[in-house]
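Order as written gives the chain letters A, B, C, D and E; numbering starts at 1 within each chain.
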Amino acid sequence: MSVKEIPQNWEPKILVFACNWCTYAGADLAGLSRLQYPPNIRILRVPCSGRVNPQFVIRAFQRGVDGVLVAGCHPGDCHYVTGNYFTRRRYLLMQRLLQYVGIDPERFQARWISGSEGPKFQQVVNQITEEIRAMGPNRKLRDAQ
Amino acid sequence: MAVTAEQVKTINPLVPIKGKVIKIVQETPDVKTFHISTMDDQKPFDPMPGQLGMLSLPAVGEGMFSITNKGENHIEMAIKAVGQLTNALHEIEVGQEVGIRGPYGNGFPVDYCKGKDILFIGGGIGLAPVRSLIMHCIKNRDEFGKLTVVYGARSKADLCFKEDLFENWPQVPNMDVFVTIDREEEGWDGHVGFVPAYVEELAPKPQVTILCGPPIMIKFTLPTLQKMNFADNDIITTLEMRMKCGIGKCGRCNIGSCYVCLDGPVFTMEQLKDLPPEY
Amino acid sequence: MSEITKKIQEIAREILEKGEAEIVIGWEKGTFWYLSPPAFIDKPEDTQRLVWDEFCHNNLSKYLLDYKNHEGKVAIFVKGCDSRAFNRLLQDKQVDREKVVLIGIPCTGLKDQDKAKSLGPNGDIPKAQKCMECKYPTPLVYDYLIGGEEALNEVAATKEAPDFSDVKAVEEMTPDERYDFWTKQYDRCLRCYACRNVCPACSCRECIFDQTRIGWIGKANNSSENQFFALTRAMHVAGRCVECGECERACPMDIPIMLLNKKLIKDINELFGKYDAGIDPEGKLPLGHFDKNDPEEFM
Amino acid sequence: MKRVGVFICHCGSNIAAAVDCEKVAENAKSFPGVAFSTDYKYMCAEPGQDLIKKAIKEHKLDRIVVASCSPRMHEPTFRRCIESGGLNPYLLEMANIREHCSWVHPDDKERATFKATELVRMAVAKVLKNEPLDKSTIPITKRALVIGGGIAGIQAALDIANAGHIVDVVEKEPSIGGRMAQIDKTFPTLDCSACILTPKMVEVANHPNVNLITYSEIEKVEGYVGNFDVTIRKKARSVDMKACTGCGTCYQKCPSKVPSEFEMEMMDRKAIYTPFPQAIPNKPVIDRENCRYFKTGKCGVCQKVCPTNAVDFTQEDELVTERYGAIVVATGFDLFDESVYGEYGYGKYKDVITGLHFERLINASGPTMGKIKRPSDGKIPKNVVFIKCVGSRDEVKGKAYCSKTCCMYTAKHATLVREKIKDSNVYVFYMDVRTPGKGYDEFYTRTTDQFGAKYIRGRVSKIYEKGDKLIVRGEDTLLGRPVEVEADMVVLATAMVAKSDAAKLAQMIGFSYDQNHFYTEAHPKLAPVETHTAGVYLAGACQGPKDIPDSVAQASAAAVKVCGLLSKEEMPTEPIISAVDEAICAGCGMCVPVCPYKAIDMKVIQERVHGKTISRKVATVNSGLCQGCGACTVACRSAALNLKHFTNEQILAEVDALCL
Amino acid sequence: MKTIAKAKLPLVLELLAKEYKVLVPAKFEGVTRFTPYQQDVELALEENVIMPPKDIFFPQTEKMYKFKAKDKSLEIEEYPLEDAMQIIFGIRSCDMKSIDCLDQVFLTKSYVDPYYKNKRDRSILVALSCIEPMDSCFCTSMGIDPQKAVGADIQAYDLGDKIGFEAISDVGKEILEKISSLLTEEEVTLPAVGEFNLNADVEGVPEKLKEMFDHPIWDDISRKCLNCSACAYVCPTCHCFDIANEVRGEDGVKIRCWDCCMFDEYTMMAGGHQPRPGKKERVRNRFLHKLRYFPERYDMLLCTGCGRCVVKCPVNMDITSIIRQIKNA
């Protein structure tokens, strides 16, 4: 199958690593505010965005997700003081590395979404879902199953 | 459908047949005996005493274990929880379907032992391989001379096959069973001390010795046996190595030019002396 | 015999005779004229095996990990890049400075083994890529220095810092071209782990690629797993690679591993400020600290 | 065999309207490890919880997945529920199918149901790898340490002591009292600083639960919340505290004169001295650097005249180590080094002084007995210029922050000048006047309206001497023209800055500080007196510029935190923390700097390798300090560190389950 | 002998490729290895290929069977074996010998490995002689004739600008028949083989090694080894494998993949016991296996003198030099 071909009924599957204190709460707030977004994301709760090992991200692509979002508190607001500063460094690099080996930049993204940013959560999810839907299924890094 | 050793060689020897666990016996806190049958309640294969079987939970892994006994419709494996697979095995329940293939290895020299007085020395889980031969001797009681079992474990709780040790075997004609534990403990009125010393103290006079246990026990028992003027080919033991294929191909269980899965696991002291000490 | 070879034999002999170290790790001539593999010398008379030439590629610092529990001292020869590797190991707390005697060799650059092989001994063999981009040809840390301090002046660093033109060439491809390029490279990876085992930045007791019980990586050799390996390794050596190029040289499949490592070096410099690994053994690692004013792209 | 129970909550119609809960429960039955799966209208309600407890017993469930609302809402509820059902509370996972599913996908039941099913599958995959975790506890040492004996430290100590806890106050100077003791009057009430401070000093000194440890410094801090082992260096006073009666004969007779720090060097003290008359303890120390005996070996007058033989030249610094349950840091502030502003001529012109000099000048016990006199010639100044924001709100030469107190104390000074020198003129150069505080703006208004201080909005560009006058040249930005004032004295409102050794103490204890070296509170809004290090609290200006009421309020707040901690015998620790696999750990220490709580240390372990005993370093996690963020687990390349409850294996299992 | 001009060789391959899968030595994505013949294939006939033909019969990763495991139930399903015949063209004498070694391992001693056997049974081997040895070659030292391979169905001869064919087996004759229209019958004399740069005298080495298990030589030899598996993975005879599983939910596949005796995990036992804990033990086992254990078991050396390990080892572990050191010990 060519990389560009989009099968019928295909729905993107997007994994969101969300820190417990900000982004997860932001997603909760989006829910409380009944802000709708497409049901393509799956949130994986971690205590802090600093817990997200780049290996988890590669693994997700290997197993077949179409996009990954790592999201945490805004710099300076980390529940664990400094965790997201390390996240930022790590994923600034990782993002470039992934692009360097040919992963489309839309496939891997990182965002700061605070507990009060329900609308931002909605907007980010909408945007990523649309971007990835437009690109079709990810086949890069995927294992053969 | 029981598969004979010969048949196994004609089918794919690397693919297990499906079996199921029909009984699980908790021997000690970390040893369980698993009774395994085929799906149609047959013996998966007919092992010789001392032979090995490859048991698998395919999603976790495959491991080579000594077959401790065979029944009419099943084989038995006593397994200690030490790693990923064995820990997973300790979680399964009766009815679990497993992969099983075998039998592998040479087994004990049953014919050589015929008509002889046999001393079985075991320590801890080391009684597992020996038990298959003990059970064979008991089943064919007439073919063998006096049977003596000296068995030790760290504590009372760590003794495997308690029913055999204290109820079944002592009733077998011309069979002595001596059990010892390393340290005194409440509720134990039997012998206390290490196996090598106990053997020396008992000074049995067998013609063949089957010796199996942790390396440290073997190391200290050998001088005792040598003092008893044993010929090296009358001291028989089993070895363990990491195994994957079980059929002498994958390479890792070599000790010198021997593959333990194929040429072992049973070796006489005489054979061992020719092998590099890499086990 | 070159002057330097004579000197390194002399100093090695002296160190062994005086008992300053029990073993000296240097280089000796190998099977072919273009190979100078590591040599482990523990008898003064064997020091004559030691050589210095343009093929002494092996980064000897890595071997210090084998001597972590060794009671006596070990002496090793270090080029600029090897000394950076040594500093890195110090930074990783894997070696004890007191237990190592470092003999520095100001290095004028080594030659490319593969080209040597194809061009023959009389060919005009170019410098190895890593040496053409070397910023630290002289040892940064040593107890003895072959040729004395003045030798340092003779060895001038490359005028210009590496221009990363090879990295940029990859960056300029389209994502699909890049993916194709790397897939082809890593499809031939054997996962023999020579790159890891030769790498002085790889100092773990147990590498995650060996941790089958956790299952970070499957044992199967396929595109996906090989790329997991490549990316993860690149991230693990990010900010720690001393650019000794050993991974790439060791690779039996000639995978351009440094092209990945250099990408990370380039990005670290661009994102977090200039950083060269293995210069300051006390310094903070790029991924071991942060700056509140780091670039912000995730708003 | 693990037996997972799955419970899908309808949340009335909150979930059920958008998600087919029965179907999700039915789907879950086929997930590996699931032994029981059901749905119910309200899982969190009592019947729902009973359903779970009953199912645990009936179906021998050993771990539970509840799919309902956000775990941020009901995780504690369901943990308690399964605990009372006989399971370890950490054998629970939740799938958020309300906030993250039904509420945000109300119009596509099919796909919302599919998503809910996947979220449940992820939770099942994770819970299969959950381990029972136990809350452990750490003992609490019922003793507090207050570092700094200024007003904040005194207040904190008194509050803690009054609550019945033992508290030690360590003060670097020979006397407690701090900056407030130097101040003459306090705004906005103009009551005498000493009059309100001294009783507090006496109270704290006499309090049975308080030990004052003056002339001492913190040498080393180890341990963690509940168990800080603090080594204190008691500097040699050269005076036996027990024998000394504080009669003062020694410093009357001492021949060595030294400029008094307390009096801003506008007056002398002796080499054996108490910093000020109301000092507590009111017992002198010998300043060995300036003491003739210590410099030359000759003198010893003080020893000779001491009626109680209290002077002891042989005393040495003493190190004592004490264990504390909690620490309050109240180390105060320094003043900005005004000499940075060369154009103001500070240091060059004697009559350019700082606010704190001015405090001493107007103080009745100060160098001028409270008469405002020019330092240069002792004349009464007629025209006094105040310049505000010296060093503050100036990113280029000073600090970017507002020093907060200067507006008010300058207004106070202006008032006092006008009050004491009837025919004086007061000019205040200012950028803004900031007076948020009870009675503050009224005070400022009085200063201008009633006392006639002239406020000029603008920066001063230069001060130069002309005869015995100081010409202050600046710009009135409101009128947009240059101004020149002929002044007799200029007072600079210098910024409050962090103590010069602030960073050192923070590093020693292990909490963070900002770029200005003010200590960082754990949360700017919700945890203003806590630090990131559990058991360490902040009070007063060490955290940022503060006036007296704010410092006192913060001190009391810190004291409450301490009391809360010390009121317990032991403290439960969160079991979701990192753990080290020593077999894998190579001891590289990369985890240490990424831990925000200094919870990781290196320790030496012994092990047998090839028959030889070797020792090597490995990381170790302090369960009292670790908060479970997991930063270390990513810093560790070999995955020797793993975060319990969010292990690598668990997260990988979730990722894998998502992609089936 | 039947010959064809080298330039016309693709015609032969083309013809055969119509009926068979034909594997030829070619440069494929940066590495020379046996590659399915296609028109645009970049044939590599100058030198032996870097990747030996081992992986044709014994792939680096091979699916064994699949299974479905859910809770208590288990299903096991084997993959159907292929039966299409394939021709492997251009295997050098050293690599032909290595196939002999692999045959011993996988096809003898009580058990036959069905995966190997299947691929072996449906392979027709066309050996190709060498006339100009590479710097790293030493096959003659291992008793191998670079012009005459063992076990070939067809022996092809490098005749400079021509290639000659000689059918050895019946299958070989059939194949030659099929391409005979492209070939010319002519008298040829085989060109002389060039000088060998590397040599190793293995005479008596297996016997001598019996007494050398505890010899200090192993400390010396092993010190520079990195314990990677570059040597084993490019070796045409190394055949160790691991069996692992890839599980995705309930579905799983048993795979076997190359393994190497240099790795810690190779012999690590479940309880943590490690019979070969360090470099010395592992390096010793590797060379004893090649030079003593394998000869003891199968009566042949497990080295064919192809020289790949000498070239690819990052630290120049040179088996010829090790053999010399053993001889001199």
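What we mean here is this: contacts are C-beta pairs under 8 Å (C-beta built on N, C-alpha and C of every residue); 3 or more make two chains touch, one makes a residue touch a chain.
Just so it is clear, the model here is predicted, and its values are computed rather than measured.
A comparison of the C-D and B-E interfaces places the larger number of contacting C-beta pairs at B-E. In this assembly, D is the chain whose CA centroid lies farthest from the centroid of chain E. Chain centres here are C-alpha means, and the one lying farthest from chain C is B.
Put simply, the C-alpha centre of chain C and that of chain E have 31 angstrom between them.
In this assembly, the C-alpha centroid of chain A lies 36 Å from the C-alpha centroid of chain D. Centres computed as Cα averages put chain B at a distance of 66 Å from chain D. Between the Cα centres of chain B and chain C there is a gap of 50 Å.
Of all residues in chain A, those touching 2 or more other chains are 54, 59, 63, 82, 86, 90, listed in ascending order.
Counting partners per residue, chain C has 208, 216, 218, 222, 287 as the residues that reach two or more other chains.
In chain D, 1, 594, 635, 648, 652, 656, 659 are the positions where the chain touches two or more neighbouring chains simultaneously. In the complex of the two chains, the chain D residues touching chain B come out as 1-2. Residue ranges on chain C touching chain D, taken from their complex, read 68-69, 92-94, 203-208, 211, 214-216, 236, 284-285, 287-289. Residues of chain E that touch chain C in their complex: 29-31, 50, 60-61, 135-136, 198, 220, 223-224, 226-230, 232-234, 242, 244, 246, 255, 257-258, 260, 263-265, 279, 310, 312, 314-316, 318, 320-321.
On the chain A side of its complex with chain C, the touching residues are 3, 54-55, 58-59, 62, 75-76, 82, 85-86, 88-105, 109-112, 140-144.
Contact residues on chain D toward chain C in their complex (touch as defined above): 583-590, 593-594, 602, 609, 612, 614, 616-617, 635, 637-640, 648-649, 652.
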